[in-house]
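I have placed the structure first, in the form of C-alpha cells, so that the comments after it can refer back to it.
Each chain carries a letter (A, B, C and D) given by its place in the written order, and its residues are counted from 1.
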Amino acid sequence: MVPLSWYLVLAAFVFSCGLYGALVRRNAIAVLMGIELMLNGVNINLVAFWRYGDIIDKATQQVVRLDGQIFALFVIAVAAAEAAVGLALIISIYRNRKTVSLDQMDLLKG
Amino acid sequence: MQGFLNLAWLVPVPTFLAFAAIVLFANRNKTVSALIAIGGAVLSFLLSWPIAFSAFTADHFGQHPVEAQLFSIPTGTSDLWIGYQVDPANALMLFMSSFLLVMIFIYASGYMTFPAHLSPATYPIAAAQGKDPRYSRFMAYISLFATGMMGLVVSNSLLTFFIFWEIMGLCSYLLIGFWYEKKSAQAASIKAFMTTRVGDVFMLVGLMFLYIHSQSGNLLFSDILSAENLHHLATLSVTVPLINVTVPWVAPIAILIFFGTVGKSAQFPLHVWLPDAMEGPTPVSAMIHAATMVSAGVFLLVRMFPLFATAGEVAPGTMHFVAFIGAFTALFASTIAIAQWDIKRVLAYSTISQLGYMVAAIGIGAYVPALFHLITHAFFKALLFLGSGSVIHGVEHGLHHVHEHGHHDEPAPGGEHGGKEGHTPTEAAGHGHTGLVIHRKDGDLNLEDPQDMRNMGGLLSRMPRTGWTFIIGGLALSGFPLTAGFWSKDEILGNAWGGGNTLVFGALVISAFLTAFYTARQIGLTFLGKPRTEMAKHAPESVPSMTWPLILITPFALLLGFIGTPWGNWIEGFMEPYIEHLEFHALHVEFSFIPMLVSIVVAVGGLVAGYYVYGQGLAEGQVDPLRNWLGPLWLVFHNKYWIDEFYKGTVVAFSHWLSKVLYWFDDLWVIDPIVDGIGQLGVWLARLAAEFDRLVVDGLVNLAGWLSNRAGGILRNTQDGQVQVYLLLLVVSMTVWLLLKALPIFLKLV
Amino acid sequence: MEIWSSGLTHLLTGLGLPETAAVIIALAIGAFVLANVGPVLALVLILLLRKVISRMQDRIGPNRVGPFGLLQTVADALKLLSKEDIRPANADAVAYFLAPILSVFGVILSLGVMAVAPGWIGVDLNVGVLFLTALGSIGIMSALMAGWSSNNKYALLAGFRVVAQLLSYEIPMVLAMFVPVLLVGSMRLGALSAAQSLTIFGFNTGLGWFGFLMPGAFLIYFISALAEGEQTPFDLLEAESELIAGFHIEYSGMKFAMFFLAQFLNSFFLGAIAVMLFLGGYQGPFVDQIPLLGFVYFVIKAFGVYLLTIWIKGTFPRIRVDQMMAFAWKVLVPLVLALILWQMIALKLPGATLDPVTGDVLQYGFLNYIAVFAGNLVVLGVVSNVLMNHFKREKMRTKRAFEPKSLIGVMQPSSGD
Amino acid sequence: MDIIQQLFPLPPIPTLQQAVFIPLALFTAVCALLVVLSPNLFHNALALVGTLFGVAGIYALLEAEFLAISQILVYVWSISTLITFAIMLSRGMMFGATSKTNKQAGTAIDGIVVIGFIGWCNFVSARSKLDVSIAVA
C-alpha cells in the first residue's frame, strides 16, 4: 500500500513545477503548460484523497462516493476548455503582434 | 339626400389638401398646381351642392338643422369643440360660394399670365411659359383661402368661425400683396391687414365677453344663440366705462362683434382698405370683394342675428347704430363711386355700398333680405369683377400689341410698364411712370394704365362676350327690373319702408339711384362709344378659361332673384323656420307697391341718366361732364372725402408720434439705459465671480486633480500589465502569510 | 490465459522467487509474447496485401523468394533493417528517435485488451473500449513528433494533415463504438463479444452480430476506421503523386520500417476491433464447447475485414482533403450524434425486462430492438446516399475531363447528377 | 538530531504497489521538471505529454481507471495536440531571445521553496504526531 503522503508529495512537486513555469516562463504557451501541470497536481491530490478517504460502505464493501473523481473530471474538462480558449487567444495575439512573449503583452499597463 | 348633410365637415378638406399638395409636392409645375387647385375646388363644389340641395328640398329644414361635434380639444377646464353645422343660412352660402369659387379658380388659371410689371429677364422660365412666376403659390393661396371660406361657412361655433375668419384675413393679406414687387401692392396689403385687424380685435374682445358671460361655457352657436342664454345676457347689465351708461351685456357684445363685420365687410370707418385691395390680381378681387370674404362679415351678422335682435330689443340704439352705419356707408360709397376713373375701383366702392345695404337691412331687422341680397350680390359682383379683369387683360394685351407693332407715338418705356397710377407721388415715381402721367385736376392720367376707364371705350365690339356679360351684371347691380339685384334690393327697400325706417329708406333710395348711375357711367365709358387709345383699339377677347366662367355666372345674375319675389318668397319660407326654431321673429312687412315703384324708377332713371351723359363715351382728353355740374363736390367725391388723408394725418401720424415717443422712452433714454445698467452691473459681478472661480474654486479642483494624478502616477507603477508579476505578488503574499502562520512552529521547534 | 499466467506464477514461486517478482516475471513473459505477435503478423499482412493487390491489377505479385514468394516480406524486412540509419543534421534528436518507437508501442498496446477467444484476453479492462481509443493519441503524438523533429517543412505539413485527419475521424469512430456499448451497458471487450451470441433452440449459433442490428453504426465505424488507419480512400498520407511521402519522409531503414509496421498493424487492429464490436468477435457455432474455435473464428473474421480494406484500396479513387474533412464534420458527426440520441430514446422505450430489485435492465424488448434497427437503417440509407452521390458526381467529372473541349458547354448533366 | 530524524525519516521497504509507484512518480517528476526547465519549447511539450501519461498511471494506481483513460483521451489527445499545434504555428518567435525566463525567476523560486518547505513541515509534523500542525487554508 502506497502511503497517501507519497501521492501528496508528488502532487506538490508537480504543482510547484507548474507554478514555477507559470511564474517565470516568458512564452505564453509555456505558461499555459505550467498551468496544465498545476491542474494535474491538484487532480492527483483530489484522486488520492478520494482513494484514501471514507469511500467504502462498511456494510456492503462498495464504493459509494465518487466526489474526488467527479471533481477531477470537472478539472479536466475545464482544463480542456481553458487550453482551447487560451491557445486560440495566443495564436490570435501572435497573428496580430508577431509575438507570444508575455513581457510584450502589456497593453493594459497602468 | 339627407345623408349628405353629415358630410358637411368634409367641404373645406379638399381645398386644404390641394393647398398642402401644391405647397409640398406640386410647386414646381404650374399646370399641375392649377389642376390640383381646381380639382380641390371642384371636389368641394361637388360636396357642397348636394348638401345645399338636400337642405333646400328637405321638409321644414329650418326646424331641424344638422349640427354635430367631430372631436374636442381639451383646453384647461373646458373643451374646444370642433364640429359642423348645416342650417338654411349656410346652406345658401354653400350653394353660392362653392360655385363661385370654382368659377374663380378656373378664371384664375387663365388670368394669371406673366404680369406686365415684371421684367422677363428676371424670370425667363415663367416668361417663356407666359405664366406668373409665382403661379403655383397663387394657386396654393387661393386654395387656402377657399378652405377658410368653406370652413367658416360650415363651422358650428363662433371660435372656429373666428379661426377660419382669420385664415381668410391672412390669405387676403398674402393675395393682395401677391405682386409685392409693386410698392403699392405692398402698401395695400399692409393696409388691408391692419385695418381689418382693428375690427378683428374688437370682435375678439366681443368674443371673450360673450364667452365669459354666456351660461354655456362655450361658443357653439346652438348654445350661445339659445333663448335662455340670450335672455341671460339681456338681463346681465354692465356699466360702460368712460360714458357711464348702464346697458345689458348683450349690447356691448353685439357692438363689438359688429366691429368685426365693419372691418371685414369694409363699413364706414374701416372701409379704406377695400379699394386699395384692388392691387391684388383680379380673381382675388373677385373672391375677396364679391363672393367670399366681405360676405363673411355680413354672414356673421346673419349668423348672430338673434344676438343683435335681442340687443335691439333691450337697447334699441344697437340696431340703430348698425342700421345707421350700413345706410351711411351705402350712400357714402356710392357717391365716391361716381367719380372714380379706375374700373375696379368703381366696383370696389360699389361693393362697399352694396354691403352697406345689407348691413342696413340687418339693422332694420330685415334678416332674410340681407342674406338674399348677399347671395345675389355675390353672383353679379363676381361677374362684374371677373368681367373687369377680362377687360383689363384685354387692354393690357392691346398695349403689348401696340408696343410690338410700334403704333404708339410715345417712346416705349423700358422694362416695367403697365400697372396703374400710384396713390402717392412716391409710388408713381417708384414705378417709373412719371414720363407718361398727365396731371389733371380730375385725376392724373396715365396713358398706359389698362385699368383707367379713360383709356378705354368701344370695347363691346372688341370683346363681345365680356361686354355683354358685364352689361348684364351691371344691370343686375343697378337693380334693373326682373334681374337678380332688383328683387333683392327691392326686398330691402320694402322692409325699410314697411318698417318705417324712413331715413334708411331715403338713403338707400338715393344710393340705388347713384348705383344705377355709376353703373351706366362705367358701361358707357368702357364699352360704348369709340376707343380712345390705341390699346383699346387692339384689345382682344380673353381666353375661354376666362370667358366661360363669365358666361356660366350670367344666368344666376339674371335669374336668381326669382327665389325671392314678393309673391312667391321661397327664400323667406326657407329661412323663417330657422329663426323661429331659435325662438325669434324676423321682421315681416306687408308687401307694398310704393317701394317697388320707387325702386324701378330710381334704377331705370339712374341708368337712363347715366346713358344720357356717358352713352357715347368721352372724347379724348374730355373732362368728366359731371364735374362741370357738380363743381368742387365732384372733387370731394373723387378724392374719397379725403378720408385716407385724414387717417394719415390723424391715426397714422399719431401712431408715428407715439412710436417716436416710445422709442425715445424705451430705446434711448429710460428703459434701455436701465437695462444696460443692470447688464453692466451683471457683467461686473460676473467678472468678480469669475476671478473668485478661477482662483479659489478652480484652484481647489485643480489641486484635487493634481493630487489624484500624482497618486495615480505612483500607484500605476504597480500595474505594469504583466500577468506574471501579479501572479508573483500573489505567491509572495501567500509565502509571507504562510511564514507568519508557521512562526509558532519554528518557535516551538527551536 | 488466466490459468496459464497463474500457473506460471505458481511455478516461479515454487522456484523460490518472492511473489512480487514472480508476478512481474509472468507479466513480462506475457507482454513479450504479445509484442512479438505484432511484427510477425505484419509480415503476413504485407504479403497478403501485395498478393491480393497484384491479382486485382492483373499481375502476379511476389513469387520469387521462397515458395509462392512467401518469404518476400521477410527479405524486405531484412533489407530495411540492414540499411544505414540516417539522421538529418538539424533534426531534434530525442523526438526523432522517440517517434517510431512510440508509433509501434501505441499499436501493440491494443493487443493487450483484445478478446480473441472466450476467456482469452490480456486484461479485461472495464474501460476497454476507451482504452483502445486512447491509444490513438500515442499515434498522433508520434506523427507530430516525427513531423516536427525531421526539420523538414513537408514532413511538418504532412504531420499536420495526419493529425487533422485523425482528430476529425476519431470523433465519429468513438461515437459509433459507443452505440453497441450503450446497448450492452459495459465497455469491457469481453462482455461486448459475449453479448453477441444468438441462442436458437438452446444452441448458440454465435450470429447475434451487432453489425446486423446496427448496420448504420457499423458503416460509420468502418468508414472512420478506414480514415484512422490511413487507408484508401483516405490515404492522403501516402499520396505520393500529390505529396511527398508524408511525415516520415526523413526516416529510413529500421525507423521507417517501424512506421510501416505500425501502419499495417493499425489497420488490421481497427478491423479486429470492428470484429469485436460489430461482427460477433469470437462468436460462432460450437464456440461454447470448443473455446479454441473462437480464436479461429476471430482470426478468420479479422482477415476477412482486412481483405475488405484491401479490396477497397484496389478499387476506390482517393478523395480530396476538403471532401474528406467535410464528410467527417458535415455528414458523419451529425449523423452519429443523432444515432446515439435515437439509441438512447429507443432503449428507453417500453418493453424491457427489469431487475425487480435494482431496476437494471436484464433484457431489452422487441420494440427496443426494432427501434434501434430502424434508426440504424435510416443512418445507413443517408450515408449510402451521400456516398453514391459523391461517386456519381466524380464519375461524371472524370468522364467530362476526357471529352473534347468543344463539347463541354453543350453537355447537360445526367438525370442522376 | 531527533528533530531532523523526524523531519526526514528513512523510507520503509517497498511493496509491489510502491515498487510501481516509485519509478512512475520519478518519471512524472522528471518530466514535470523538464516541462519548466527545458529551453526547447517542443521538448517542453513532449515532457508535458510524459507527465500527463505519468499522472494517468498514478490514477490507474489509485484504481481510477476511467479517470486515467479520460486523462489520456482529453489531455494527450486534445490538449497536447493543441499545444503542439500552437507551438508549431507560432514557431520562430523565440529564436534569438536572450532568456527563456523572465527576471522574476529568483523571487519565484524563493517563494515556491518556502511554500514547499512549509508544506513539507506540515506534512511531516502530521506524520510525526508533533503538536505543531497549522491550519493551512
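One rule holds for everything that comes next: contacts are C-beta pairs under 8 Å (C-beta built on N, C-alpha and C of every residue); 3 or more make two chains touch, one makes a residue touch a chain.
Small disclaimer: the values here were computed from a predicted structure and weren't measured.
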One chain pair leads in contact pairs, namely A-D
Chain-centre distance (mean CA atoms) for chain C and chain D, in whole Å, is 35
So how far apart, in whole Å, are chain A and chain D when each is placed at the average of its C-alpha atoms? 10
Report, in whole Å, the distance between the mean C-alpha point of chain A and the mean C-alpha point of chain C. 33
Where the CA atoms of chain B average out and where those of chain D average out, how many Å apart are those spots? 103
Which chain A residues sit where two or more other chains touch them? 19, 23-24, 102-103
At which residue positions does chain B touch at least two other chains? 724, 728, 731
Two-or-more-chain contact residues of chain D, please, as numbers and ranges. 15, 66, 70, 85, 102, 104, 108, 112, 115
Connecting every touching chain pair, does the picture come out as line, ring, star, complete or other? other
Can you name every pair of chains that touch? A-B, A-D, B-D, C-D
Contact set on chain D toward chain C in their complex: 15-16, 19, 40, 42-43, 46, 49, 65-66, 69-70, 72-73, 76-77, 80-81, 84-85, 88
Under the definition above, what is the set of chain A residues touching chain B in their complex? 19, 22-24, 31, 102-103, 105-110
Give the list of chain C residues in touch with chain D in this complex. 20, 23, 92, 94-95, 98, 125-127, 130-131, 133-134, 136-138, 140-141, 144-145, 148-149, 156, 160, 163, 167, 170
Could you list, by residue number, the parts of chain B that touch chain D in their complex? 724-725, 728, 731-732, 734-735, 738-739, 741-742, 744-745, 748-749
List of chain A residues in touch with chain D within their complex: 1-2, 5-10, 12-14, 16-21, 23-27, 29-30, 32-34, 36-37, 40, 43-44, 47-48, 50-51, 69, 72-73, 76-77, 79-80, 83-84, 87, 90-91, 94, 98-103
